[in-house]
Amino acid sequence: MNKIVQKDEERRLRQRAKAYEKTCEEYSYEISVLQARTDYIAEFDYFLDLLTLLLHPAKLKEKVGRPLIGLFCIQAPLELFHALGVHPVKLCSGSYAAQRLSAAYLPALMCPMLKSYIGSSEFAASTSTCYDATIVPTTCDWVVKVPEIAKETITNLHYLELPHVKQNEKGVRRWLEEIYALKLFLEQTTGTKLKRQDLMNSMNTFMRGWKIFQELIELKRKNIISGVWVTVIANTFMLDDITSWAKKIELVVKKLQSKQPAANPRKIFLAGSPIIFPNLKLLQLIEQAGMTVCADDLCSSERIFPGATVYDDPSEHGLLKALAERYHQACICPTFADNERRINTILRITESNNITGVIFHVLKGCHPYDIESLTIEATLRANGRKFLKIETDYVKEDSQNILTRLEAFAQTLA
Amino acid sequence: MVDNLRLLIQNFMFVLWTYGGRIGLNFGYSIPCFSCPYVPGCAGHCYLMTLQGQWGFAFYFPELLSYKGFKVVLYFLIFILLTMLLSKLWCGWICPFGTLQEWLAKLRKKLGIRETEFSWKTRERLKPVKYILLALLIITPLLITFGGLHRDFYLFFCQICPGKPIMPLFAGQTRNFALDFTNTITLTFSVLSIIIAAGTLLGSFFKDRFFCMFCPMLPLIQMSKKISFIRFEKSVHTCSGCGNCQRMCPVDIKDVHLEKTEKDVMSEDCMLCMRCSEACPEDNTVTVNFLKYKLFSSSRKYVAENYQQGKSLNE
Amino acid sequence: MLLYKKYCVSGLTLACVTLLILLFFQASAECRSPEDSAFLWLEYGAKKDETDGSVTQTIYITTTAAVINLAEMKDLSAYYCDGRQTGEKQYYRIPIEQRDGRYFLRVNAASQLLYHVFVTGSCQGEHFVAQTIFPLYADGIDRKRDQDLLENPKDLPAIELNLAGNPYRTLTTGQAIQLRYKSGQAVREMQIMDLRNKTSAIILPDAAGGFSFTPSHDKRLDNGGYNEYKEIIVYAEEVIGNEIYKTSMNLLLRRSLTAHNNLAQGVLLFFSVMAVSIAIVLFRRRSFRYNGR
């Protein structure tokens, strides 16, 4: 009996090691593809180096010199972590090899990103000791259940119960309570008390980072920098100290500012489920089909942090309230019930940048975006935009299929 | 930054209205802000005093078409003209009593004390108070003239207005802090006046623009919203619903944030301080126009450049 | 028979004369109330707001009808001057009107004016002067008025009121009022009479020859509002040779503006309300204390 169990165990370990190898290969391959691009400049090297840190959280911890806190989604206020001296890291994973590892025993219709996460959490390198705590906002059904499945690797779990109705007083107040609970949790975990000046400094730092990130996005709108690179850079958010990260972006912006925008009539707006490195399949296919992603509102790309955390009341309560409200009400994730103004972002950006086509990316199993695409399609068509919904996974097999559809779509834009 | 400009103009206006009379300035008796006539040397009379003083007498019907009646109409027309020109800018940029409240709020912010918040329901319940005060303010002179109400009810609102004891302090006059024992009515009014003044000062310390929630001047200025040259508009199709405007608003207006269909968002409490416009991170979403000229429009670049860039506790 | 008649007639005449003399002296002996004294004074009537924005004040010329008949008064005339003028004052005539046996005059102002009104007359060796001073506030259409300038103002004794303390406001109770008798000779005393309450008092001059008194606060004025007024007549009599000069001035008093104020109590109330409010705000306002997980 023991022998069988032992054999099982060995097999599993071998599987994991193989998957880990494959994942590392996947990462290196994608990085080399990026490096081989024609619009590659030396300033991007820094970001490409950061990407591998996702697989080595221990190295990341050493790099930033602060305890790491694992996070999902974008509703937890990052400034709060920063002010308490901890470093938040998004645990969302885009690796296909890791997904395959866990796909064997997870439901087929589950969000591939979380399957990938669960798979990668089994790697030896990502031991639970790397993360001091894990914060899970209760956004979609899958992410709520992830800690249950990955309970060996998720340490010190804290749920942030996200009110799904955000435009009434009740929702605002409940979320503020959650932020206070988060603050208490982090204070207990770190053993330090939050100081008002620290929080203000963190908010300043993140605002400066946001300001520079906006400049990068401006370049993307003008088609000076490719959408692929901006998504890659956004994916490296929080893989280094924010000030250094922002400085490197500044270098990129300075380098590219003087370039002439390339004309491309086939500009598109990308919306929908997040695109996470190394799963840049869709972006690369879009480029192959002759279109450029000039704008997106992916939570892993342009919406990586909300910025604009303006406050009127500079007391500690006022700052926390500003953070809570900004991360809650400004978030246009489809998990929210009263999210009807989410369409305005797409309309506004496509209007002001002469973008006629919208591609809606839905991961198989991502229910919120799937359902949202119905009304979004109707409204966009009514407003004269071209709409295409692409439902895909992390698999590479459907690439040709998608490419054909994208090329057909590109024809309609011209 | 627009807020800094506003502070500068407010301070200048405070000095102008409080001390302007001493250098001979007199902007009339129809001023749509709290330029209190009880301040010796003021540069103009708050229209509320004119309204209370003239209103009752003008209704002697045989005299309605006389010179006296004409004067009442004249002052009213001047008031309407002034509100047409500047609308709520009188409240947010010019009113010296508003400036005083903002100084108190600044003091509170410097001390790091948090602002008192009202629940949305409570805040809604407080809105009718200004209409009640306005109604009393208009009815009382009529009651004095026709209903036999005691003459000491004259200038009813002025007697309870917190401006009456507080504003003359800036000209060195403490007379209105005294309790007037002449008769029961004067005593009641002076007691009320002092209680309201103390409550207002304290309220203004803990809550931004506390008195402005109850000010009867607001409905008077709001009356000319449709004909005013100033337009406060929102482009509902570019709003992402982030709520920055509601958070920054000193008088807790939800309308700018939650409005999804109408273009005009000048609500009854609005003071045109333009903080919502400054804080809006979407371009050209919240705009203040003067006729065809755009006074200020929201922009993402503005937010990125003006907020919390190196702010510290010392500011 | 004839002798008896002669004695009767002479006795009767003597009696009549005696009676007349006695009556005369009787009359002049107790002249301490206005009704008994034979002098002229002014009383305020109604103040009317005209439709053109000007204000008209009616003033009645009053006296005790029994003793002095205004109809018999020689050269009864009224004139006024603007109290704001400094230097040489210009006097303008006011027409005296009569209705229902009462003599009155009306003054009208379209802007702010401080009226010094004089009414003079003489009768049987007695010279009467009645004065009053009052401001009129009006904001009306300015019209050119026909002013009847008095060429040579008579140099009559007059009571002067010292308005140094309150250039425009009316006199109030509780305020020290200073008077001077302007004439060649000084006057021994002045009488202060309250028409409504029918009281009177005598004030004596101080070392410099001026008179001052402080009217007490009146409950009726305090309770009645700022527009309630009371009139106080100041009367002085001077004898020069065979001529008697009787001068009166009507002082219009309103209730005091500041005498009943108590600043200390007000400030105390202010700070105590502040303290109570701070306590209420700090203890009762919603807080965000999160204590559980």
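Read from first to last, the chains carry the letters A, B and C; within each, the first residue is number 1.
Here is the rule we go by: contacts are C-beta pairs under 8 Å (C-beta built on N, C-alpha and C of every residue); 3 or more make two chains touch, one makes a residue touch a chain.
If you're wondering where the values come from, they're calculated on a predicted model, not measured in any experiment.
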Chain occupying the most central position, where position means C-alpha average: B
Most widely separated chain from subunit A, with each centre as the mean of CA atoms: C
Gap in Å, rounded to a whole number, between the CA centres of subunit C and subunit A: 91
Separation of subunit A from subunit B, taking each centre as the mean of its C-alpha atoms, in whole Å: 46
Inter-centroid spacing, subunit C versus subunit B (mean Cα positions, whole Å): 46
Contacts with 2+ other chains: residues of subunit B: 119
Junction residues of subunit C - those touching two or more other chains: none
Shared-contact residues (touching 2 or more other chains) in subunit A: 317
For the subunit C and subunit B complex, residues of the former touching the latter: 49, 51-53, 139-141, 222-227, 255-256, 258, 260-263, 265-267, 269-271, 273-274, 277-278, 281, 285-286
Touch list for subunit A against partner subunit B, complex: 167, 169, 196-197, 200-201, 203-204, 207-208, 210-211, 214, 306-318, 321-322, 325-326, 329-330, 332, 340-342, 344-345, 347-348, 352
Contact set on subunit B toward subunit A in their complex: 109, 112-115, 119-121, 208, 236-244, 247-248, 250, 258, 260, 275, 279, 281-283, 300-301, 303-305, 307-313
Subunit B residues touching subunit C - in the complex, by the definition given at the top: 57, 62-63, 66-68, 71, 116-117, 119, 150-152, 154, 165, 174-175, 177-183, 186, 190-191, 194-195, 197-199, 201-203, 206
